[in-house]
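What follows is a set of notes on a single structure, which appears directly below.
Chain lettering (A, B, C and D) follows the sequence in which the chains are written, and residue indices restart at 1 in each chain.
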Amino acid sequence: MGKNELESALPEYFAPWVQALGLMVESFDTDSVTLRLAQNPQLSRVGGMLCGQAMMAAADTAMVLALINQFGEFRPCTTVQMNTSFLKPLSNQDALVQARVMRAGKSLAFGEIDIRGAADGKSVSRSGVTYALL
Amino acid sequence: MGKNELESALPEYFAPWVQALGLMVESFDTDSVTLRLAQNPQLSRVGGMLCGQAMMAAADTAMVLALINQFGEFRPCTTVQMNTSFLKPLSNQDALVQARVMRAGKSLAFGEIDIRGAADGKSVSRSGVTYALL
Amino acid sequence: MGKNELESALPEYFAPWVQALGLMVESFDTDSVTLRLAQNPQLSRVGGMLCGQAMMAAADTAMVLALINQFGEFRPCTTVQMNTSFLKPLSNQDALVQARVMRAGKSLAFGEIDIRGAADGKSVSRSGVTYALL
Amino acid sequence: MGKNELESALPEYFAPWVQALGLMVESFDTDSVTLRLAQNPQLSRVGGMLCGQAMMAAADTAMVLALINQFGEFRPCTTVQMNTSFLKPLSNQDALVQARVMRAGKSLAFGEIDIRGAADGKSVSRSGVTYALL
């Protein structure tokens, strides 16, 4: 799969409200996809910090793309469980959202997502997700 | 606090993208707040199902209101950890998002959020959150 | 199923180290099972507090019994994900470990576990678990 | 700190039932500690698989040692939240339990734990934890 094919999954499989995050494919390899979440006042609370809700939504979205990338196609799947630790706030920079497939079995897939500042490279949130493959 | 005061917290403390969920205060008591998330094609994936990203965002938001309600005022706080189990899909109905404060200590608060169909009353997601009180 | 049948699942399906918790079936109904975890210096850290490791082990174990109770028999299953919030410490009393099946589908089951003091009735930990049914 | 000092924390700060896991310090560096959990029929379910309860207990324990290692001394702390994904079963080999401090602030610390087979090096569980520093 190429970058364009991955990016085209965003309007195809996600709700308009998720598309409004403006996620862009930054890079990918065999088992991971990295998206860029650009600085955006729409996603910021007072004080200019990226809201946690946007971090969780970006993390879940990135993981679906990482699964598409790994499988070479979209496979119907549903998020079963997601947990996120918020290590520190992010402000005044884009975020890089890296989703990695930890294990993809026949009926379940596990992934982890790291969100870090695009400028300072520091992790701001860490998520784990479980997907059911339908 | 009254319903109007709680509702007025939404534009005051949340990012515009979170406000776009259109959450409304449905009811509240001492330790819980219930919001209504109206059916909205902007929040739906193909097939008309409410996207999981919107559920997580609504859950986190409802919990902040439950803390405001419990404290009688907004206290600066930050989400430390959030986990969500997605029990089943939701479609063709509004969602009711009930956030309950399980314990509010001096520096940490714990809450749980249940999202259920407004029409059929069935739970579709369950979240637990930890907040640091600043 | 009766209380004796449920209790007999403990030596049958659990590791000896888990059996050493000394869990006993306290009560059960259609979708929940409550176990008693007796006060035990083997499970306590300095200061007499029940260690978190024992809470998590008891919670996971109680959930397996709740599934056996709900299905009317042991079905092979495996824990996929478990998360626990530790609300407050427990000391100087037994613990009651209540596991509730939230949803049991064809391939996945979801449950929640509350651990509370047997004397004061206050919740000390809350867990959510996901099981894969094999 | 040396390996002996870290190892001596096990009988000092943990419940006897946790000590029965027989954890040994394998290695450590600035922000991580790796423990070895030896194969042990006491920790195995029928079929010889390491039980999930032991994985969670070992993970939590390893993280406390990683914090001791990072701080250079034991600081009173309490587990606030822990979540674990069980990727695959482990049998017929020791487990290596690597705990890494992701961020240690003034009042909260975050860590992640990977458990892998000592023989095949494959990850079998992944945990995230939040600690409150007292």
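One rule holds in what follows: a residue touches a chain if its C-beta (ideal position, glycine included) is under 8 Å from a C-beta of that chain, and two chains touch if they have at least 3 such contacts.
This is a predicted model, so every value here is computed, not measured.
Enquirer: Looking at CA centres, what chain is most distant from chain C?
Expert: A
Enquirer: Looking at A-B and A-D, which pair shares more C-beta contacts?
Expert: A-B
Enquirer: How far is the middle of chain A from the middle of chain C, if each middle is the mean of its Cα atoms, in Å?
Expert: About 34 Å separates the centre of chain A from that of chain C.
Enquirer: List the centre-to-centre spacing of chain A and chain B in whole Å, with centres computed as mean CA coordinates.
Expert: Spacing between the chain centres: roughly 21 Å.
Enquirer: Using mean C-alpha positions as chain centres, tell me how far chain A is from chain D in Å, no decimals.
Expert: Centre separation, chain A to chain D: 28 Å.
Enquirer: Which residues belonging to chain B are in contact with no fewer than two other chains?
Expert: 80-81, 83, 85, 128, 130
Enquirer: Quick check on the complex: what are the chain C residues that touch chain B?
Expert: Chain C reaches chain B through residues 83, 85, 87-88, 102-103, 110, 112, 123, 126, 128, 130.
Enquirer: Give the list of chain A residues in touch with chain C in this complex.
Expert: 80-81, 83, 107-108, 128, 130, 132
Enquirer: Mind pulling up the chain C residues that touch chain D in the complex?
Expert: 12-18, 20-21, 40-46, 51-54, 56-57, 60-61, 78-86, 89
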